[in-house]
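Multiple structures follow.
Each of the two complexes below includes chain A, the first together with chain B, the second together with chain C.
Showing the complex of A and B:
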């Protein structure tokens, strides 16, 4: 049993993300929520997924990224047991989802992209309906509606709901029965910034409660600080998988430094050999490899130059995504 | 079981929230009531003619008034049921309400039975309405109650079989209109199957006669409830439901 502080050797890349748990002191044995091994899914001649391998520990929030048609929805359908892989093996919460019974489905919450509910029901009735289908207490709906900020519209018909309200009702529906695994396909579509913020607060609470969350979204900036893992799919293959730090390291993307100094010329001289660009009378911008960052800072400190501010911009998930998105064709050419 | 009724009641509610169900009931009731009145008036004229020839006894009231109305009601339902049953699965898929149901912890058969039960509840209401005009006969005549009830049971079973075929068609496509066309085509074919008469001869003729919906329904209209007819309708309904279940299971395999 591996626990916090275990000095065992670094796990293979496949399970590197389990390291997150070392820090949190959570036992990792039997804690893998999702395990996908050599999964291929074909529709006729089209390979929707082509040899996908990954494992996600329980209690993690993972971002599933990729262009339209990359295979994200197919992967979600496979994990939900709504379709079976052509080959390979999938284990979700210790069960094969395609063969699992009602007990398995009760532990899963799913919010489909562009969720739609029966227009004639009110929000309250919708949740009661799905609670009954899930075999859950149908009287928990007020608590859930409150949680997603829809208590005021509980008795309004769904047909009068805005897109954002429908999304929130969808989230409430997915939360019925306190799921152990939550799959959210484009959950923030149609939500304004305030609602997005509230939505991620709910996600944060669930994460803290140990719920495993799989989140697919095109809005990368909002995922960056809120997910533990990211997986990038391209043409049915995984091009990147790991924590954001791991992906940054793997991509070896440069950091951007913006230096404010009274004499930019002096800074350029001190940083001899590093190309810098003057962007304002007292401002320089330069890019460098991550490992050079500290050397630059030390050089500047040692030079005694009057530096008023240094802004360090690490590669964002947007940059990482763009990098791995571009990398794929190159790999194929090889 | 609870889940079946939850789906059935939502289905029924959904039907009555759409103008389609109301208009179907209105059209069905108006046309059947008109045909029934026409039948009663014709019966009265025929009785006068019959008695004017000095013939004894009377004409069979139920066979000349209620049975033709119920017979025509089945033809009307053959036209209208595909419009109602096409919604059951295909419309849900088209509207986008299907994923939430498909991801629930229910088996495909529970979903199918829930939807079918909802349809049967609607049919029970429709047939209850259609029973009203014949019931008025009791105020001034004595129709054959046994034949009347057998006819109503036959109509319910026929419509239930229509619904099961419609549900099967609805599971086979994501386009409700295509589902309606398929279901109408299959039902009409089953209805007219015995029109070939004795032309084909032998075993084929017997088989066509057995598979014809019309032949089995006519026995009910004549007041005959036989196990052969009951099992025909039950088997046809079960076949429709099993087909729909297989379609949903296949979707889970193929995606």
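Showing the complex of A and C:
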């Protein structure tokens, strides 16, 4: 396990990832959207970020994971230029966000955690206000409300909105003016599974359009197959960074196989040396390292045993996250 | 529309929507009317212009009321947004922190101006249009009263912004705002009075007027009670105005400085504030 926070100035994994993306040959990914180098951010004695290094190629969707207080929101504030790092260098869309002018902000959509709007304004008025702030035509926003499924409530005051509706209004304002970079802090909180699905459809469309997306979430399994990169923050340090496959490989978590066969005893004998557990009269469960998976399958097929079904459970992102989350920070903060 | 105007516009809409404008206007109109009509009995047949008397009584009302309304309106302008969590999103837009302060300030001045012009204006018109009510000079003085009342409002809105930029939480800002009101409306003048008594009135006549400039409500009072001949007569300051150190323009400039300095400080503090 590499602790990227300890290395400088850029982690080797970044290059691996970059190479991977170049390898895919997608032209929009030929530049870096975010680069964070040796960034430290302290509030008094508290180290919110403690030597963070990473870079994200343009057009990539990256998940930002970590417990509350791990430094996710601080990182987003730094990337937005709302606060300056104590030390280190940040480049977002080619500029230093803390010094960038209005043109930089116009290219960014942001959804803060627990977004709050003025309760007395209607959804439509709220969106018009933010459109004006971004220098967009305020009368063209109905389509955006439609896109997030709020057209029916456009003329209702925000104080009557449910949590999910506010969140969707928040997403709508983040999409104003076709941003090149989207930063979404816990975007799916308060959304039911149906809305969550719709939300990720919107994200998918944006990804296809080449928008760079940074999103933090607590519901990790829902990010599966929806992000290109994931980064795990713990106590202001990066404990893991890479594609989900890379993280899985690095965590080396076992796969779980459930084998249904008329004679489990026979299977046990065939898989000589691998511990299996009988969970039902005709069912066995065993865990094995990922690389052993194919050997087991081949052995079973070759043995001629009557196997009716094999279910393979790969470690989920939750398992991977739990694995990296357990890691202690390299150095205790003072 | 520039971000400045968008923010100012939002501030006005919010104040209209949550009935700030209507309540402030009604409060000012109500008090102005009662002061004008209940308080006009003593003028009787003295040949006094009733509008000029109204200006004098409204000046005193303004000193109590306008700072209070301004501080209540603006003390949570910044800290309130920080506490509610709306500021982070606002600042992620293409707006600078100075634009946020200035935009809110402008919007709140408009709110204050609506309340003053409509509230006082209604009372003034009612008096002025009654028979022998008013001569042109009294109208002039009345116009100056309204304009300087808005300027006094701007002073306290600027002070409230400074409080709001410094405060950690809304409750604290409200406390400091009330403290400021007490200081400038009650305590400061009591202090000056104390100095006069303690020195048996021997405090140097060159120093005392300058001490008055340390309190915007005193500047406002001096301006309205001495700038026009007819209001001087009824305010009992006819004698004083001859020896006044400061011309009306001087007083207005001092009041203006009371807007610029706190507002500038509010911008500087807010710019450095860690979110």
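Descriptive notes on the structure:
The definition used in the following text is that the second predicted complex is superposed on the first by the 307 of 334 C-alpha atoms of A that agree within 3 Å, B and C clash if a C-alpha of one lies under 4 Å from a C-alpha of the other, contacts with A are read in each partner's own complex, and residues count from 1 in each chain.
Just so it is clear, a contact is a pair of C-beta atoms (placed from the backbone, for glycine too) under 8 Å apart; a residue touches a chain by one contact, two chains touch by 3 or more.
Only a predicted model underlies this, so the values are computations on that prediction, with no experimental measurement involved.
When both complexes are superposed on chain A, chain B and chain C end up clashing with one another. Of the two partner chains placed by the overlay, chain B and chain C both lie in contact with A:115.
Of the two partner chains placed by the overlay, neither chain B nor chain C lies in contact with A:161.
Contacts of A:41 after superposition: chain B is touched, whereas chain C is not reached. Of the two partner chains placed around the shared chain by superposition, chain B is the only one that A:74 touches, whereas chain C remains out of contact. Once the two complexes are overlaid on the shared chain, A:241 sits clear of chain B and of chain C alike. In the superposition on chain A, contact of A:200 is made with neither chain B nor chain C. Of the residues of chain A, those at positions 43, 77, 80, 82-83, 101-106, 108, 110, 112, 114-118, 120-121, 129-130, 132-135, 173 touch chain B in one of the two structures and chain C in the other. Listing the residues of chain B that touch chain A in their complex gives 2-3, 6-7, 10, 13-14, 17, 95-97, 99-107, 251-255. Chain A makes touch with chain C in their complex at residues 43, 77, 80, 82-83, 101-106, 108, 110, 112, 114-118, 120-121, 125, 129-130, 132-135, 173. For chain C in complex with chain A, the touching residues are 1, 3, 6-7, 9-10, 13-14, 17-18, 84-86, 88-96, 274-275.
Put simply, chain A touches chain B in their complex at residues 41, 43, 74, 77-78, 80-84, 98, 101-106, 108, 110, 112, 114-121, 129-130, 132-135, 170, 173.
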